[in-house]
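Next come two complexes, and both contain chain A; in the first it sits with chain B, in the second with chain C.
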Partner chain A sequence: MAAVGERAVSYDARGLAEPNAVAPETAVVDGQTAELDAADLSIRQINLELRRLVYGLGVTDVVVRNPGSKHSLGVGILTRCRIRFEGSLGYFACGLLDGPEVHITGRVGWAACENMMSGVVVIEGNAGSQTGAALRGGDLVVKGRAGARSGIDQKGGTIITMGSVGAMTGFMMQRGRQVICGDAGPGLGDSMYDGTIYVAGKVKALGIDCVPGEWTDADTEFIERKFRIYDLGSPPSFDKFVCGKKLYNYDSLEPAERKLVL
Partner chain B sequence: MAPDEHILNDPDQMHHDPHAGGHATAEGGPGGDEQHAQSVTGHHPERAQWTMGTSIDSEALWGRRFPYQEDLSLVEDVDLVAATPGADINWLEDVDLLQEEGIPAVFDRYSNCFLKIHFPIPAGRENEIARKVLIKHLQSGNSYGIRMKEKHAKFAQPELGPWVANSRTVGENYTPPVLEGWEPPVH
Partner chain C sequence: MCGIAGIIYRDGEHDVGRDLTRMLQSMKHRGPDSTGFALYGPVGPQIVVRYTLADANDPRGMHFDERMVGNRREVSSRLRSAGAVIEELEQETAYADRAVLTYDGDLKTLTDLLEDIQGCEVLSLGHSLEIVKDLGDAEAVCSQYGLETFRGTHAIGHARMATESEVDISGAHPYWAYPFPDVAVVHNGQLTNYFQWRRRLERSGHRFQSECDSEIIAVYVAERMTEGYTLEEAMRQSLEELDGVFTYMCVTADALGVAKDEMAAKPLVLYESDQLVAVASEGTAIETLTDGDTYDPYEGEVMVWQR
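Now for the complex of A and B:
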């Protein structure tokens, strides 16, 4: 006899919340383009439908209407395609991407594009905290403002924020680049191992071991190229910040870590 | 069984074969051949030096080199912009020429290993060549971690990744391995 509060747990080795969900097959497909109305679909149904379209049917352009700020949409898409979300997304949007080019017309919650490997994500509105957490590669463009700890543990890629960013942006950054066109909150680049942070506005306070860097022609080329690609207008004047390397230096840590294990 | 099936079905064999030896020679493409089969099943005399110690390069995983590691002309035509999302080289911006065991190498994050480059690299083109060798390696389907997908992928995904168009989908019918005698907990 089950005790009070005890209940059977549906076990799934992959940790899926809806292990038996299937793609609803409600998208309207026209050749290599498709439109999906997400209004009445669950998160997993939407993601399954996206996979069916881009993997199964070879669709290369998808428009998702009425995303309704649902969480974890568009995650784990591992192929080249274009996805346009017409509206806002909740937390952990478009994480673990490897290849897609995504356009979000609204806002996003926290941890958008976490662990993105490659691809392009453009967010028209604001983004929550931990935007681009552990980003590995690709470009993330936030046309509004971003919250605290943007690019925390960033390991590569580029995060461009047209507005201001919150506290501890670039915390423990290990590689990659952040371009901040507005102001930066306190603790910018705290405990960063490597990487580059460009700030056009005011910095409330630098974090530990984050120091001004020397501007080079490569910095100019990089900034101008990204502004041109994403049609962001004329770039403002930036200050550059890098790791002072007084703390631990990342320097090829990932390969070295594996050697320690062997 | 095709040579590459042998690798996929028993990827650890090459690391534990007591007769393992090896000599790094460039062989075959993604399909493999009899010579390839011989190399991965442990008949090369010097392979022990790859499989012991702390080496984490592609040759240790595969037991062989690939032709594009030894011939610049095989990677010259790789289009980096076309191979990556967006209007520039995207994630390859973070890929630089490194060194492994004193040899120029590029790091393959999809296999967590180095891919050594054995031909002379023209001055001023170090990072470009490193990126081209890596993309050639990925597009050829020779990244060891990618080759594990067919057997171990838990979710539907393109087998060869975003750098190859129309790659077949794997991982659609994943079934977790069952440990004999183990019962799932009641709660």
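Now for the complex of A and C:
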């Protein structure tokens, strides 16, 4: 399957490793734009080719055809560019991004945009569980529905889901915002430290220490702005949920320091 | 890890062997150690039984061939003595056979009689169900057993990454729900009250081929169904009574069901149309059949489709 580089594979008993992979250089480049057919390429080859295009050749617009729901595509791209995936992606799609604008025409598997620092990712289809896990910044828009634990450990940025989300959404989130236009599963915002969750539909059950928040003009402005930017129509009315801070029973001193103070 | 896949056609027979091979092969990265298929062909009056006479990685010295010849002779004579008429008997590999029987006696007695032979294990038994499992990826098992041409209405399969027991046929999925005909299960996850359930079910007379937790689910569901519950009711009860993280699929002669634990801890992707329903651990498996829209069912969901 995987064409490897000049050096031979040292040990690959199960036929799964891709040591020594090199960029296949099969993309069709036209000035600042490029097209890549990913049908017969392995995951590492696709990612190496994307790097060659955006870092090596300075291409700013890439179209990737036939991604075939492969995992870990388009990860760790740290420059401004536009990437369009025509099809569906697997797990850990577009994780660790810093800068790109990504458009995915199909669905994604688990943990899409995990740890994204900045940029925009728009997913036309549905998303699996852990969507936007540990998101640090940027905007993630899911036009379909998302699975369980959306925005788990979210540390910034915005996740907008046009459909429903599953159980434990916003679990332990620390900062950032989630906008959910459908229903939310049980355990919404469980053990969240901070941040805001907006839900338009029904909430099956709130998680521990997640409470309704007070609506302000800033909330209205924020939601209207995001809906305008991503052309999502007129926003429905939302309920706002925040951290109740009942679990804030720790202090900032180390045990040794506390002894000194006392 | 491990990858599971299932497919059920609502408009008659299709090449389910070929379809399932494609689905499982695309998830090879989830489990390359062994692959298993539970396939449902046309329901006939006869009984199809698939069994192994040794495990795939048993040492080949020590008069292996003579042992197989002896075991085969013993199987035939025991089947006849139990009152079964052998209509067909095929050697699929050096150690795995498929027999078609005319038999109207007790199926548990028949199974016990065969499994009493040293090294013999009944993989499946029923009017429609055929379980095929062996070491290697889906394409290897498919070509070894000629599954490309298997026609039927529904099937489930499993690509195994062995974590807690050996890489061998008895540790491979799917599991047949001994001694209930035509029920099989594949499972991705861990059950934490395995021993509790194993002791309970052993007390009511069941035997377990392996030390794999997934086997419990098959017997559990089949036992509930003999108590009069439907497949869906039995699976709903299992969500309450089985602890742990799991996504599993259970098939009977005419239905395919999936269940997800209340944490939604294990993956499942679903495609549904008027013609077919396909479920798998990853979207990539479903893309081998169709470009249609898929989604992930939520926590605590049980879904059952009839063929």
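Basically, the second predicted complex is superposed on the first by the 230 of 262 C-alpha atoms of A that agree within 3 Å, B and C clash if a C-alpha of one lies under 4 Å from a C-alpha of the other, contacts with A are read in each partner's own complex, and residues count from 1 in each chain.
Please note the rule applied: contacts are C-beta pairs under 8 Å (C-beta built on N, C-alpha and C of every residue); 3 or more make two chains touch, one makes a residue touch a chain.
Note that the coordinates shown come from a computational prediction; the quantities given were computed from them, not determined experimentally.
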Request  = Determine, under the contact definition given at the top, whether A:Val120 touches first (chain B), second (chain C), both, or neither.
outcome  = first
Message = By the touch definition at the top of the document, which applies to A:Ser129: first (chain B), second (chain C), both, or neither?
response = second
Ask   = After lining up the shared chain so the two structures overlap, which partner does A:Gly157 touch, if you call chain B first and chain C second: first, second, both or neither?
value = first
Remark   = Of chain B and chain C, the partner touching more residues of chain A is B
Ask   = Once the complexes are superposed, what residues of chain A are shared between the chain B interface and the chain C interface?
value = 14
Key: Of chain C, residues touching chain A in the complex   = 28-29, 32, 262-264, 267, 269, 282-284, 287, 293-296, 298-299
Task = Report the residues of chain B in contact with chain A in the complex, numbered from low to high.
result = 53-54, 56, 84-88, 90-94, 98, 100, 107, 109, 112, 114, 154-158, 161-162, 165-167, 169, 174, 176, 184, 186-187
Complex contacts: residues of chain A adjacent to chain C = 14-16, 68-71, 88, 90-91, 107, 109-110, 125-126, 128-129, 144-145, 147-149, 166-168, 185-186
Remark   = Seen from chain A, its contact residues with chain B in the complex are 6-9, 11, 13-14, 51, 55-56, 58, 76, 78-80, 98-101, 117-120, 136-139, 156-158, 175-176, 225, 229, 252, 254-255, 258-259, 262
